[in-house]
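Have a look at the structure below, then the notes.
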Amino acid sequence: MPIIKVELMTPCSKDEKKKLIFELTKRTHDLLGIPAEKISVVLHDVISEDWGRAGYLSTHVDFEKVSRKLEMEKEE
Amino acid sequence: MPIIKVELMTPCSKDEKKKLIFELTKRTHDLLGIPAEKISVVLHDVISEDWGRAGYLSTHVDFEKVSRKLEMEKEE
Amino acid sequence: MPIIKVELMTPCSKDEKKKLIFELTKRTHDLLGIPAEKISVVLHDVISEDWGRAGYLSTHVDFEKVSRKLEMEKEE
Amino acid sequence: MPIIKVELMTPCSKDEKKKLIFELTKRTHDLLGIPAEKISVVLHDVISEDWGRAGYLSTHVDFEKVSRKLEMEKEE
Amino acid sequence: MPIIKVELMTPCSKDEKKKLIFELTKRTHDLLGIPAEKISVVLHDVISEDWGRAGYLSTHVDFEKVSRKLEMEKEE
Amino acid sequence: MPIIKVELMTPCSKDEKKKLIFELTKRTHDLLGIPAEKISVVLHDVISEDWGRAGYLSTHVDFEKVSRKLEMEKEE
């Protein structure tokens, strides 16, 4: 304990994962004074067709715009 | 916020996933009055040999029946 | 209910998964008196480069030792 | 299966929860043709000081604005 | 690793939790040959109004029956 | 996306939570080049009687020692 779980949609290299695990662990260790050996990090890659925001799949051609909508439209 | 996570064992097409994300977002938006842009949906596909009920793997030939058992039997 | 989720890094055969689901369900059933049909188990395989401890990736050549460190070192 | 988990920060009444569970189940049932009895919904209330976006706690006085920042500022 | 997370709706005493943690760990250890010190168990209590099945809240007066429905009815 | 979830057993002040959310977001932003507004952090406090390691509840008087055991003992 603690367990840090990260759901990622950005494809990461093994080196980026290694650094991310190091950094998240180090900041938690430094801030909360928890021994390093007690901190676990688990990464989960989420593919782009498994994630949506504002009702739109992240693969939508205009996702940056539609994912900021406040109101829901009618079903397409 | 909110974050809606769905663990699925039924294989879904990309179109079904798109519609599912839309529908779950829309109902949450309509019911709770939360702006659409604040609602995320994450889907997780679970393969059939990673899920069980009543102690039986979902690939069991008679899963519909055994998964409704109330009592546990001896280990096979 | 209950839902038992197991994140595993050890590769398991289908037979091991079947037995694990049976055992975890049976113990929960026996201990808490919950009908078997109400107990679900979901397994998640985590690949070795998606998990770390003490800031080190589990693929580190000396993971058994470094994952027991109490203090964090400087970034490599 | 499926299991739908919703992490909520908006306080909901019991009646809203009841309706949310009904709606999320119904849409999943209608869209994917999954028998209703196989669909579970679990809600998790997250308190406002346990959630942040863009590095800011959701209790920040100007959260709507700061949570849309693209760049991280220096540590305060 | 592994991390075993159990979402429970049945109220459990501290002694039941202690035994449940022991049993789930022991079976995983025995079956998969994983050192005990690598196995974590985390329990999450879910209150009855935060869980539903087949579209019905678990506090429904006739939950045992309605939660076994195959078809969804119209919204009440 | 990404969603960073932290299960914590160490009681944290609101100020520590605020700093933790900032730090975890900043490192992820810096390392992966993801816009800050896309990064969410959710904290979950786990009470001490809901967490165990090596089969022992974290409230065990000698937890530091017993939680490092490799072999499981007989049920107490």
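What to note about this one:
Per-chain residue numbering starts at 1, and chain names A, B, C, D, E and F are given in the order in which the chains are listed.
The rule we apply is simple: a residue touches a chain if its C-beta (ideal position, glycine included) is under 8 Å from a C-beta of that chain, and two chains touch if they have at least 3 such contacts.
Since the structure is predicted, the reported quantities are computational estimates derived from the model, not experimental observations.
Each step here moves to a touching chain, and the least such steps from chain A to chain E number 1.
Between the interfaces C-E and C-D, more contacting C-beta pairs are found at C-E.
Rotation angle relating chain B to chain E: 180°, from a CA superposition, given to the nearest 5.
For the self-contact between chain A and chain C, the two sides draw on mostly distinct residue numbers; the shared fraction is below half. For the pair chain E and chain F, the distance between mean C-alpha positions equals 20 Å. Measuring from the averaged C-alpha position of chain A to that of chain D gives a distance of 15 Å. Of all residues in chain A, those that touch two or more other chains are 1, 3, 7, 19, 23, 40, 42, 46, 51. Taken together, the touching pairs give a contact graph of some other shape, not a line, ring, star or complete one. Across the assembly, chains come into contact as A-B, A-C, A-E, A-F, B-C, B-D, B-F, C-D, C-E, D-E, D-F, E-F. For chain A in complex with chain B, the residues that touch the partner chain are 7, 46, 49-57, 59, 67-72, 75-76.
Residues 1-10, 12, 16, 19-20, 23-24, 27-28, 31-32, 34, 46, 51, 58 of chain B touch chain D in their complex. Within the complex, the chain C residues that touch chain D are 1, 3, 40, 42. Note for the complex: chain E touches chain F at residues 14, 17-19, 21-23, 25-26, 29-30, 35-37, 39-45.
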